[in-house]
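What follows is chain A paired twice: with chain B in the first complex and chain C in the second.
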Partner chain A sequence: MSSQEHYGSRLPYKFLIGVVTLVIFFLEAPLIILVIQSFTAESYLSFPPPSYGIRWYKEVLTSEDWLNSISLSLTIAAIVTPLSLVLGTMAAFALDRGPKKLKNGLQTIMIAPMVLPHIVLGLGLFKMALQLDIDDSMLAYIPAHLTITIPFVVISVGASLQTFEQSLEEAARSLGANRFWAVWYITLPIIRPALIAGGIFSFIISFDEFIITFFLTTFQRTLPIEMFSTLMYQVKPSIAAVSTLTLAVTAFLTAMLILRGQVTSGDKVIK
Partner chain B sequence: MSRNSDENYGALWLLTPTVLLYVATFFVPIIMLGVLSFARFEMSVTTIGFYFDNYIKIFSDGITLKIFFQTVRLSLVITFWCLILGYPVALMMRSCSPKMKMVLLFCVVSPLLTSIIVRNVAWLLILGRSGIINDTLIQWGLTSKPLPLMYNEFGVILAVVHVYLSFMVLPLFGALNSINSSIEEAASSLGAPSWRVFLSITLPLSLPGIMAGCTLVFILSMGVYLTPVIMGGNFVLTLPMLITESVREQYDWPFASAMALMLLLAIGFMVILSSGVQKLVGRR
Partner chain C sequence: MSSVELKSIVKKYGEVTAVASIDLSVESGEFVTLLGPSGCGKTTTLRMVAGFIRPTSGTLSIGDVDMTGVPPHQRTVGLVFQNYALFPHMTVRKNVEFGLKMQKVLTSERGPRVQEALELVQLEALGERMPAELSGGQQQRVALARALVIRPDVLLLDEPFGALDKQLRDHMRVELRELQQKLKISTLFVTHDQDEALSMSDRIVVMSEGKVSQVGKPTEIYEKPQTRFVADFIGRSNILVGKVESKGKTINAEGLILPNKGNVVAGAEGISVMIRPECVEITQSGSKATSTSADVKGKVTASIYLGSIVQYSVQINKGPNLVVTQNNTGSENLKNLTVGDDVDVSFPDSAIYILPG
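Our next item is the complex of A and B:
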């Protein structure tokens, strides 16, 4: 699969390389430009910036509005990620160990929120939150975010459990460990890459979630909502600085994901 | 948890917390939207009942249906461009060296994990009225007025393609990767030129990936709200914008619910259509 000597002549291959280079340029160039622009020392955005500095990072990290929204987003993601991992892993175990004839049906239910457009999900959740009078609070955000993050954990952990050798766990149990400790000491360490992937996905999805939270909030602002309202008002260099900060965190997490050799997206697992 | 209980069914209790959560956050809310879509909204008062007012309004108010078809058309155009740009990348990922594959994989996966709003900001800085492109063109004297690169369909399509391209590449790569390359080698050793090998072997065999990727991107594009608002201003209206506006500004829940159900219906239709096509091709 990895040979350069693929079928056919070299000319189409060179053409392919050209096209792919352009596509990668299209994907990455805007982000690189954004990062460069965020280091401008001027009061406006231009490319390339006439002078460089970290003025706008200072501004962001001392502005109360930005700090409040960053901390709200981080708090939500920090609560959602472990909960999503626990619930999602439990569900993945149930699907893997439960009756085979129910597996497909139950799996469809478990990942159903993933195929529902977030605009529709957000609308429904908003109605529900209004009925229960919990809108504009953590009580609304946390369950809402969990609903969209759990499917990713179910998929990544489920894929990993499929290749897990169950006899290892049985060996531990035959040596006297009860089921919980057998899973704790044997299974979970082995499927750790999948747990890390599920956790990273949960964190990033929650941190980046816009439309559902947009429905649920009135006064509170998560980072994406703060960015959105700032954008609608004026495009200042501070928005590029905030974007770069977000980008740095996600790029780091992505690199970790790929270097760990576990990339899960949709129902495809690429090793 | 007794060890001797029926092992199979005993595991299902682990689903309880998630199922309870989904009932509250997913099943009941969707049912509520369904019920609301048949309610009547008059003088800012919602009356639950079995009326078709909202659905009649969708078809007769002259604007909603138009915006719905505009959303479908934009989604199809976005899907088309994702396929055109994504296929070469998936093809390349399959045939390049492992190291190069890692690099491409990073380029394809990282956008999935990059904040959507951050990527929209990036385009804003490039395409905006005083963005990089217009700044440069004016500086060089190539144009005196900024070109309209955003706040129109072009800007929306470009930015949404940028956001969803990865969702196309991954299923395509999965499908291409599962093709046994000895079939292609056989064809080319029998003298088929490479374009012929591609058209009559690689492309048809990757059809499941094409269908999966297109369906996914179409569904996502139908529901996208943020990018059209940022890149289109109020000049490109889509169904999600209409839904959001009628709830947040007019409090017209019944009409918003009816539009949401219409969106779901369109997506369901697309899913059925694509699985039908796959079955048809599979039978051949």
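Our next item is the complex of A and C:
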């Protein structure tokens, strides 16, 4: 007996496949068109392009403006990611191990920046940055990005800690490890998949962040801001090339995340 | 020298008293069991010895050193958990080595000591396995090796056989006791299983509602329970309320007339008399040529077949209902006893035990 028969006749099953294919196509079509357009050899965007080449990639990777903005975005994301992981993990531990009465309230506060309209958050951070005279600098970008990346770490690590068997830490402590080393040698390696997920989320969100950063910059431009301001006065295929590059980075990291998920969920070692 | 000594240990959680003033000692090389129903405070007591719970008052010493406020990692106790708590991301060898690493034992010394510990629990061949690849019994042994490798002052076992099936549990019981005697390691064992307690311990501490009910050797606990709780909790028992009659010669226990061998003062009332079910013998009425001295007759009101034994309820004529167990020796007589049968009931005088107090 085949699995299809199990769910009923073949016709609805085929229909389901068709619907799913259509949905996927509509979701991904804009991206596919963008990627194809980025390989145009012409000086304008068109679909399908009359001829193909890597002309616009060359242009992007030799343009000082693009390289500066890519470098700024990567630098911010590279600083934000470890900070976000450390602070988010510490917060997740505090929520998991701290007084139960405070847990719900504190967790809501921690996660609020994730659901707040970013434009409101951006406005607030903008006023603050002006007051402290740190706008248009790392001192403003990094805390601003952290407010929206930390919740992702708190959620992924927090969920992992909920299923973590605390007697493992107690076993380590009875064997001579203090609280810190028990967490370091036992807890952290076991919740590693959650740490990796939180780290990748932090990186992607920071790298991709536009609205809040837009409030905080004056002369400096992160990659999303550079893309936006380029689009303001011209639509050149270089935008498609940059978008494809960004897409590639994000897709690579997401793929890593998904692959890790598969590896760990199939791993009998991790409970 | 006592390995562990608790003096007037109290643990309160707000208004709730988990442990109410416990005095307890484990002598060097002794196997002591904390036995009691769930919620009696036995696990709380063990966790105080391990250092995870700080007593509200009282003092706790390990190896004659005051450890009351010392954190767990500065005590040398070997702890085995009910769920074993093996580190899932480390091999068996790494699990066992962990304690040595934390205690900063030189790398060159660690190898032989890990090997020694694994040999002790006959797992030397499985050092490179991950815990998830082991059976329950093997995991149990790894947990034991991991606890023993640090040469603890005391071994603490928290219901270590709870997750094993019955046959394996009985096997591990023997193995653990042999190992403990071989190493002469002081051991504090927590269980709610009286069979485990009776078969393994040098001394049993029976706990109830945060207090110690009785401390004694397994035979003392079973044969001479000091409180009604202990008599009820350990094994099956008939506990009858009686009063002394006939100028102190007999005890009338709910209509069952017994000789006053315990020499309870004449006129005493409300005394508790215990008769273990296995000490009572029942035979089909009139089947024995020579009738027993005690002229007690009854009727079988229920019978439960338990394999090696058969448990009967016997309603004594003008007396109490007694639980009686008979060994299943395959005798026809036993098999023929059914509900409604009239039986002769007999038990030796030594089976009559008067609970103190």
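Assume the second predicted complex is superposed on the first by the 244 of 271 C-alpha atoms of A that agree within 3 Å, B and C clash if a C-alpha of one lies under 4 Å from a C-alpha of the other, contacts with A are read in each partner's own complex, and residues count from 1 in each chain.
The rule is short, and it goes like this: contacts are C-beta pairs under 8 Å (C-beta built on N, C-alpha and C of every residue); 3 or more make two chains touch, one makes a residue touch a chain.
Being a predicted model, the structure only gives us computed values, none of them experimental.
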item: Fit or clash between chain C and chain B when superposed on chain A; value: fit
item: Chain B, chain C and vertex chain A (Cα centres) - angle in steps of 10°; value: 100
item: Partner chain(s) touched by A:52 [first = chain B, second = chain C, both, neither]; value: neither
item: First, second, both or neither for A:123, with chain B first and chain C second; value: first
item: Chain B versus chain C as contact partner of A:186, first or second or both or neither; value: second
item: Contacts of A:172 with chain B and chain C, given as first, second, both or neither; value: second
item: Touching partner for A:253 - first (chain B), second (chain C), both, neither; value: first
item: Nearest Cα pair across chain B and chain C, whole Å; value: 5
item: Shared chain A contacts, counted only where both chain B and chain C touch the same residue; value: 178, 268, 270
item: Complex interface listing, chain C residues touching chain A; value: 50-52, 71-73, 75-79, 81, 83, 85-89, 98-99, 102-103, 130, 132-133, 146-147, 150, 156
item: Residues on chain A engaged by chain B in the complex (per definition of touch); value: 1-4, 6-9, 12-13, 16-17, 19-20, 23-24, 26-28, 30-31, 33-34, 37, 45-47, 87-88, 90-91, 93-100, 102, 106, 109-110, 112-113, 115-121, 123-128, 131, 143-144, 146-147, 150, 178-180, 200-201, 204, 207-208, 210-211, 214-215, 224, 227-228, 231, 235, 239-240, 243, 246-247, 250-251, 253-255, 257-258, 263, 265-266, 268, 270
item: Of chain A, residues touching chain C in the complex; value: 165, 167-168, 170-178, 181-182, 185-186, 189-190, 268-271
item: Sites on chain B touched by chain A in the complex; value: 1, 3, 7-9, 11-15, 17-19, 21-22, 24-26, 28-30, 32-33, 36, 85-86, 88-89, 91-92, 94-98, 101-102, 104-126, 128, 132, 135, 162, 165-167, 170-171, 173-174, 177, 181, 184-185, 187-188, 193-195, 197-198, 216, 219-220, 222-223, 225-226, 230, 240, 243-244, 247-248, 253, 256-257, 260, 263-264, 267
